[in-house]
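Here is the structure we will look at, set down as structure tokens.
Letters A, B, C and D name the chains as they come in the text, with residue numbers starting at 1 for each one.
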Amino acid sequence: MKSSDKPTTQLCTHDTESITVRGADLVNDLIGELTFTEMTYFTITGRRPTRAQTRILDAVLVTLMEHGLTPSAIATRMIYGSTPESLQAAVSAGLLAVGSVFVGTMEGCAALIERILAAPDRQAAARDIADEYRSERRAIPGFGHHMHKPDDPRTPKLFAIAEAEGVPGMHIDALRTLSAAVDARFGKHLTINATGAIGALLGEIGIPAGVMRGVAVISRSAGLVAHIAEEQRSPSMRYMWDVVEEAVPYVEGTGAGE
Amino acid sequence: MKSSDKPTTQLCTHDTESITVRGADLVNDLIGELTFTEMTYFTITGRRPTRAQTRILDAVLVTLMEHGLTPSAIATRMIYGSTPESLQAAVSAGLLAVGSVFVGTMEGCAALIERILAAPDRQAAARDIADEYRSERRAIPGFGHHMHKPDDPRTPKLFAIAEAEGVPGMHIDALRTLSAAVDARFGKHLTINATGAIGALLGEIGIPAGVMRGVAVISRSAGLVAHIAEEQRSPSMRYMWDVVEEAVPYVEGTGAGE
Amino acid sequence: MKSSDKPTTQLCTHDTESITVRGADLVNDLIGELTFTEMTYFTITGRRPTRAQTRILDAVLVTLMEHGLTPSAIATRMIYGSTPESLQAAVSAGLLAVGSVFVGTMEGCAALIERILAAPDRQAAARDIADEYRSERRAIPGFGHHMHKPDDPRTPKLFAIAEAEGVPGMHIDALRTLSAAVDARFGKHLTINATGAIGALLGEIGIPAGVMRGVAVISRSAGLVAHIAEEQRSPSMRYMWDVVEEAVPYVEGTGAGE
Amino acid sequence: MKSSDKPTTQLCTHDTESITVRGADLVNDLIGELTFTEMTYFTITGRRPTRAQTRILDAVLVTLMEHGLTPSAIATRMIYGSTPESLQAAVSAGLLAVGSVFVGTMEGCAALIERILAAPDRQAAARDIADEYRSERRAIPGFGHHMHKPDDPRTPKLFAIAEAEGVPGMHIDALRTLSAAVDARFGKHLTINATGAIGALLGEIGIPAGVMRGVAVISRSAGLVAHIAEEQRSPSMRYMWDVVEEAVPYVEGTGAGE
């Protein structure tokens, strides 16, 4: 590796008297001056967010924080009850659930949006995508919801906030174009779900697709801390454990995939 | 377990048309209405924060987000480079570092503050604490810093924000009382460090000591996402790996604790 | 740091043609020559195990591998169902449960054994310990079991294996001395549980108390892989999720530690 | 879900007097009777392993245990130094590195082997695979090694053990067929690396491709415990941290993916 190839970091440095984050003095310029959401945007992108970008990122972070006793929350409570001296381990366990099944669709939807935006004919690109998923009988990332029908109630609210703030709107337009093509091709209405809408909104404010899942991780970390706080007030882990043990009984057998 | 002992949750419920968090309608009352920081306070405590509480929680979250290539950030980068398909695993790995050595002192300091607040004579309680730690030659949680000398620059800023917002101030007063007793007993000035100050500030806004570490986890999750975003732009993991391998050479031997 | 203080590693080195672990050639001396259990002992301690040490370590590893739908296994299944592309994340989540509540007692028991062994009068030391825990009404690590009564069936088997192999027996003797003192002081029989017995056995074979929890981690990692393999054959995560959601209903309220 | 669809588990049940794993009595049939490796095979597959299967699984587990200061080991040491009260968190952090980059190739190679075995003309299938990867300029899972050249020394040893034990040999044959096709198509020799060989060996003993990564996780868990034991004897985390901080300097800039 040549000297010029040596990696550097642009995030933070510190000496005995000060801490510098992204070129700004932490104590004088950031603490007390920025909200958490502004600081998050600034640290990730290196740019101070506009008011609109902050409002949209706040809306996304609020949307994803809490959804009840999800697998993520159950994992956090199981670990917290086993190792209460290590709160961070309980949060970490739950965050591991922010994977392909529940949240990864956000990036998949963002990739479809980027494909449409890059195409010379966006309508045609949207139709092509709808055709591909239909013929392969695959779920389209960002569309459909097992519970919220006919429409995910979060989606119109998220779009309304973005539009009230006057974002460019290209990502949202592309997603709506895709939605129309999908409904036409599938012969029925498939809701744009919250992760789909969020893929569009985060695109509008310049968050790269590869980082979007991180926004969900940040938001969920707060939700999981709330689950731990509730577990401290009124423990439920041992009850959940009993309930699972009773619900999934032991049977003899040598199931091994044969 | 009697039926009346069955655990419940007060966090979230949902049906086909709506999601309710802490008694509020997510779509109509929370998304677009609350910032991330307000929503975090609301979800954890069940109470809408005052402006002062929000400002203080924002200040704390901004303070802890980013401190360069810490063990936490190194762990995140090692895992991200090994499994880039699983961004959440990289964040989880780094969050596991939010343990006793670097952040747990926050809770320890909060416990000392609570002990002082509960005492009939707070000056005497502070002197007792200083005596105990001095005679046992133990580090006092929330005091001293290996790098920031003579004073941690974050502490006066955090106190100033809290006081400008007009908090009750009892936790901060107790910490200052302890600080005076510590300096007198140790015969030299020990800085109140940022985790100490944060232990007092979070006490002022009603965050229980057992949840404080969770606030650090939330803040660090955003910092670690920024490290991953930087690793995506300019990877450094393999270089760090080379540097570590070269710095810690192999030698033969059977070190085994005997 | 002086040059002489630079840390080194005694574990492994490699070049283009060979890999050396603990001074031995991996390909020629270890693969195909050592069992997993022998290699584990060798890598951790730097010493080739005797036949007796191997047998005892195998017995311990077999004992701890699998105990059904524990919090650890539930966490693993929750994460696996959320991110099946990341099997290692599911195992990691479950291993985080190997903490103070279920397994940490092993180290606590080992510490009591070491205290007895270091005392001039072991009987007296055992009585002192029993008195302390009794008067503080604390659970004695390694004693009692919420389910296995009157005796944990694993304990006599583990002792029998160790004794058949002709271990020195000092740790086991100390634990039995403690057991007699405990029963006398508490006025009833408290079983030595499996983690207590394992604390003694691992002491007999020279595993430091600070590493014992790691033996449980190794063993559980295999059990958790078996849970994932079962989840692949017959998924149960969504059913468990439904069962938990139904068992722990939402109620309104602002429980917040007041 | 109909009653008949309710999931069950075949792994473990227990009552006050006994623990049953896979239909066998833990105390009487397994502890002291099976090695860790036999117990692992039994718990995962439901079948007692033959001597050959045990020998091969042991060889695989020994091969993957330890490879020095890898990203996995660095992550483990970073977390252990930050939270020494939580050994399991340090192991979990390191195991998260057992992902697509370093070990996932094992499953990819196993999938290619299965594709060859399922083809009517295995030579042709191998040539097709070599053509595909060559034309797409992709790395072939299980082939090549950045350090071990011209051949990974572990591969011939692993094949020799399997053949000495008299395995059916179909998976190994298929991998050799692929190797010949790869060398012909690429016009140079690419070594079958250890993860490729292991993909074939685990196929020979009936471990499903979807579980293979779990075998690596089990093996690495022991290696990571050895790193923690070394960190306890001679801490190196803070030195590694210093070295990384110095090697990757801070520069101002707003790199953000533009």
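The rule is short, and it goes like this: contacts are C-beta pairs under 8 Å (C-beta built on N, C-alpha and C of every residue); 3 or more make two chains touch, one makes a residue touch a chain.
Bear in mind that the values here come from a model prediction, so they are computed numbers and not experimental data.
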Classification of the subunit A:subunit C interface as same or different, half of numbers criterion: same
Whole-Å gap separating subunit C and subunit D, where each centre is the average of the chain's CA atoms: 23
Whole-Å separation of chain centres (CA-atom averages), subunit A against subunit C: 36
Centre-of-Cα separation between subunit D and subunit A, whole angstrom: 30
Whole-Å gap separating subunit B and subunit C, where each centre is the average of the chain's CA atoms: 30
Two or more partner chains touched - positions in subunit C: 6-13, 44-45, 68-69, 83, 85-86, 88-89, 92-93, 96-99, 208, 229-230, 232, 234, 236, 239-240, 247-248, 250, 255-257
Chain contact topology (line, ring, star, complete or other): complete
Of all residues in subunit B, those that touch subunit A in their complex: 1, 6-19, 21, 26-28, 30-32, 34-37, 39-40, 43-45, 55, 57-59, 61-63, 65-69, 86-89, 91-93, 95-99, 147-149, 153-154, 157-158, 160-161, 208, 210-211, 213-215, 217-219, 221-223, 225-230, 232, 234-236, 239-240, 242
Residues on subunit D engaged by subunit B in the complex (per definition of touch): 68-72, 74-75, 78-79, 81-86, 89-90, 92-93, 96-102, 229-230, 232-234, 236-237, 239-241, 243-245, 247-248, 250, 255-257
Footprint of subunit D on subunit A - complex, ascending: 6-13, 20, 22-23, 44-47, 83, 85-86, 88-89, 92, 206, 208, 247-257
